[in-house]
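First chain written, first letter: the chains are A, B, C and D, and each begins at residue 1.
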Amino acid sequence: MAKKISDSGINEKFQSRPKRIIEKDGSFNIIKKGGAPRNLYQQLIAMNWPRFFFTTLMFYLGVNLVFACAYFVIGVEYLNGVPEDRPLAGFLYCFFFSVQTFTTVGYGAIHPVGLLANAVATIEAMFGLMGFALITGLLYGKFSRPDSKLKFSENVLFHKEGDKYEMHFQMINARDTLIIEPSVRVLLKLYHHKKKLRNFYNLDLRISKIMFFPTNWRIVHEITEKSPLYSLKEEDLIDMDVEIIILFQGYDESFNQQIYVTHSYGDEQILWNKHFLPSYNTDEDGNTVLDMETIDAFEND
Amino acid sequence: MAKKISDSGINEKFQSRPKRIIEKDGSFNIIKKGGAPRNLYQQLIAMNWPRFFFTTLMFYLGVNLVFACAYFVIGVEYLNGVPEDRPLAGFLYCFFFSVQTFTTVGYGAIHPVGLLANAVATIEAMFGLMGFALITGLLYGKFSRPDSKLKFSENVLFHKEGDKYEMHFQMINARDTLIIEPSVRVLLKLYHHKKKLRNFYNLDLRISKIMFFPTNWRIVHEITEKSPLYSLKEEDLIDMDVEIIILFQGYDESFNQQIYVTHSYGDEQILWNKHFLPSYNTDEDGNTVLDMETIDAFEND
Amino acid sequence: MAKKISDSGINEKFQSRPKRIIEKDGSFNIIKKGGAPRNLYQQLIAMNWPRFFFTTLMFYLGVNLVFACAYFVIGVEYLNGVPEDRPLAGFLYCFFFSVQTFTTVGYGAIHPVGLLANAVATIEAMFGLMGFALITGLLYGKFSRPDSKLKFSENVLFHKEGDKYEMHFQMINARDTLIIEPSVRVLLKLYHHKKKLRNFYNLDLRISKIMFFPTNWRIVHEITEKSPLYSLKEEDLIDMDVEIIILFQGYDESFNQQIYVTHSYGDEQILWNKHFLPSYNTDEDGNTVLDMETIDAFEND
Amino acid sequence: MAKKISDSGINEKFQSRPKRIIEKDGSFNIIKKGGAPRNLYQQLIAMNWPRFFFTTLMFYLGVNLVFACAYFVIGVEYLNGVPEDRPLAGFLYCFFFSVQTFTTVGYGAIHPVGLLANAVATIEAMFGLMGFALITGLLYGKFSRPDSKLKFSENVLFHKEGDKYEMHFQMINARDTLIIEPSVRVLLKLYHHKKKLRNFYNLDLRISKIMFFPTNWRIVHEITEKSPLYSLKEEDLIDMDVEIIILFQGYDESFNQQIYVTHSYGDEQILWNKHFLPSYNTDEDGNTVLDMETIDAFEND
């Protein structure tokens, strides 16, 4: 009998039938009431590039608008070089002066005169330096985040090997980097309707850790008597809201960092009596060729 | 019999009854005579944001004040554009020129003339660059520090399960991030008054490591014959200054860093014959809903 | 019998005889069809210094050329200080003004007049700050990458010790740093022509992990009955396209980072009935002297 | 019998009696002929602050001197604002203009005229940005290096406990930070004069890993029949050039980094029949007080 794992970090007993835990895109189906969101820095780091640039631009224009107003309120006569008779042009020149101060360009064609305007410029130049320091940190943070591309096969195959089944799925390292000492852990979730209980089981893998992962890796779980999947049929799995949860871990040599990837398969992704085709080959020169497209190629047993 | 751990990093024998080791806020009750404080960088990194900004501002104004004095001593006639007849205005313009040099804004409306003023400006501009470099490093350091929000339940519950007790406490990951492969170690501290000895014991946990920690986690220690808590009663624990020390470890996927959290429970936080209520549920859509407020909800056995 | 490892991350069955997996320079012989290259940041980080500086310079000139064109199209009359009568000189001054804006030097001898020129300068100054932030991150990224220099002996020696063989190779830490808790794993690849199968085997090492690695380290595999190399002769190894794949791991104390090095030996690098000479000695003062040149010194058994 | 470890990373057989492996200051007694030094970045990172500032200042002045020469050779008439009739003043103004360009201050009182001077200024401003980026990276690198202060007791004590000896030494975490999950490994080196062999042995510790290390930690090796020190007398240890090599490892919570410290004791630091005094106490408030000075306090058995 397979040993149940409680306290899996995701609680067990439910009033109503719960959804899948991990969505196909890797996000978790959990709503935290009263919880804290990611902090601002993390949100900016996680933002995609177009949104990040737009946010930066808005911040840049916003800060300069605020300081432009300050200079305008103090009076355009305290900014030497700003036209004093046309208010709109005067405001625009206040804005441009603000930009020249914030970015520390400081052409000097416009420059502050008197205590107040100089004091505001003193503050703005400091803000400029700090804003710039912030952007430097954010850009470095965004760039140095590992962006490994692990592709999982679309399906999990239940392949009949002799008189017993094996569960197969496979992964490809799509990026041109090396992942060192990758390892995989697989968790099985089964939902018992009568007891309204969600149970978790570890699935033993034939090989759960390899030396490096330059190409593809087929993960195999043998459905023996010890497996919690033993004696379960296709309809049982559907009925029990089966979910196969995967935690991948490895060292990305190009980022010098440990990476973690979570993935999940639902019942609709399980196919019976099929096996994967090889997704690699050798070309005329003897090079190993790995075709990303073939990760999902399978045939009937 | 439970095995005592000596050499736990916190010594054992005392002249007087020692205080709790770890306070509720996670700080340690240890005074180091002759020890070194954290270095300046670490202090700035650990500082909260308002204090950090105030310190930066003071530093910025202070450095510019020093350089303003230097230019003023050299003579306002060596800064072209500074009014020479009014000393106060002259000093203020020295200060603004210093700001324009330190921040590298350099409008040029005020500019140095002659060897000495130029030499000082040369030094100040270099200081400006280094000061800015420092701020960049500090801001990045502050932002890239993991700020995970682990909430521990206010109480430890001694729950009667059948004929034996279990010790329960629980944790919630309040931030909207994923903590991977979290693990927990629990240490029990008991103080023996007669021998003036402080002893430490490891407490075995039903499950001490899980795959990921998106929501909450209930930690269970079974008080069997092997447990150092076996046969101890409520009044014994109070008398022995019981302290339950927790070390949490996990990988924060949003910061790409291993995080460690220490926590401690004292005797006044231990409640007998109670158990926790579930702190999660599913909403109409089948999403798992975790309510941060319910982490402390319990009822009598 | 030695246990075969499948699922090694490099697949097993081939249409034609595959090449060596890892080349002498440590690169992998794998072509990924449809895969993603390293991202731009990683490419710039991995670039050698001359190419990096050239790329930076081209980027710097290119950006300024684009903005110079913009200012020229707006009209040189909107840049105060630019000669208006000679188009070439006018364009060059547009370029220099662009440089002064992008780098935030901003002498001010040339400065924008009117809405459009000022607006473009506003954008360019922001680009300048971001470009600079990028360079800061890239330089830090390049510099903080571990660049440990591990030298492997050119040959693997099969040394006869008593009545059985041992496989020897050695490594030197050529850089003046300390590598802490280094460990080595060795994988044997054999290709079976008839079955068109590539098999992998772990080779047990006499000592696979040491405390620190200041100098050189000789790695020894004893070819006992348990070894997959047992009973294989020189011609067998050549025929089976033998490849000895090494994964080295350790903590580089000067970079405060875990480092990984992959290496590989082919059949032409295996020499029989030889052993290494000591590659160290003590000088008159009792210092241990390690000569990098002697790592490849061996003699007949 | 204790098992000898060969292949310890430091070779075994010597022509002359070798010196101590690790000096008291933690440096290794190894000379690498033909090896590579640390790279420039690592040297700058490891440099102490006064030397670092001096190097930076020299670099700053040097670069500006080179560019000053370039402007001077081009001709002072191409730098508007530079006195043309006095060569020395002219050169100094070239230098100050260079500074204003390199730091991107750019007052504009001096500004380039004509193609050549502008082109050189274009290059210098780019150098300025890169130099600044470099300083930013170096300062961050220097500051984010863990600088934990572990103090080892000056002596190793051989303390008689009942009828057998124990080897004791102790460590203090002198800095006001927490080190999490510290562990210690101890290696014994003995030199056999007749065979000219240097042998290494692992010493088992009563406790080799603890949960955290806020204060002090006493490390104990019991000299039982299994110990390589068993039956060795004081004069044997001196004769065999005994060296006790220590590798400490732990996670520094203030730097969010794993730290490693190597240490070594020679025969002159071993004292027999002594034991350490407690180096801590509690004050009136029950706080644990740790006095750094008392780490070396011991008394006769």
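Criterion: a contact is a pair of C-beta atoms (placed from the backbone, for glycine too) under 8 Å apart; a residue touches a chain by one contact, two chains touch by 3 or more.
Note that this is a predicted model, so its numbers are computed, not measured.
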Least step count from chain B to chain D, where 1 means the two chains touch: 1
For chain A placed onto chain B, the superposition rotation in degrees, Cα atoms, nearest 5: 90
Centroid-based (C-alpha) most distant chain relative to chain D: A
Same-residue or different-residue interface between chain C and chain D, half as cut-off: different
Length of the line joining the C-alpha centres of chain C and chain D, rounded to whole Å: 26
Chain B and chain C, separation of their C-alpha mean positions in angstrom: 37
Per-residue overlap in chain C, given as positions that touch at least 2 other chains: 100, 104-108, 132, 136, 138, 140
Residue ranges of chain B touching chain C (in the complex, touch as defined): 104, 106-108, 136
Residue ranges of chain C touching chain D (in the complex, touch as defined): 56-57, 60, 64, 92-93, 95-96, 99-100, 103-109, 132, 135-136, 138-140, 143-144, 147, 149, 172, 174-178, 180-182, 206-207, 210-220, 251, 253-256, 278-293
Chain A to chain B touching residues, read off their complex: 5-11, 13-19, 21, 28-39, 41-42, 45-46, 80, 100-101, 104-108, 111-112, 115, 118, 121-122, 125-126, 128-130, 132-134, 136-138, 140-141, 145-146, 185, 187, 245, 247, 249, 257-258, 260, 262
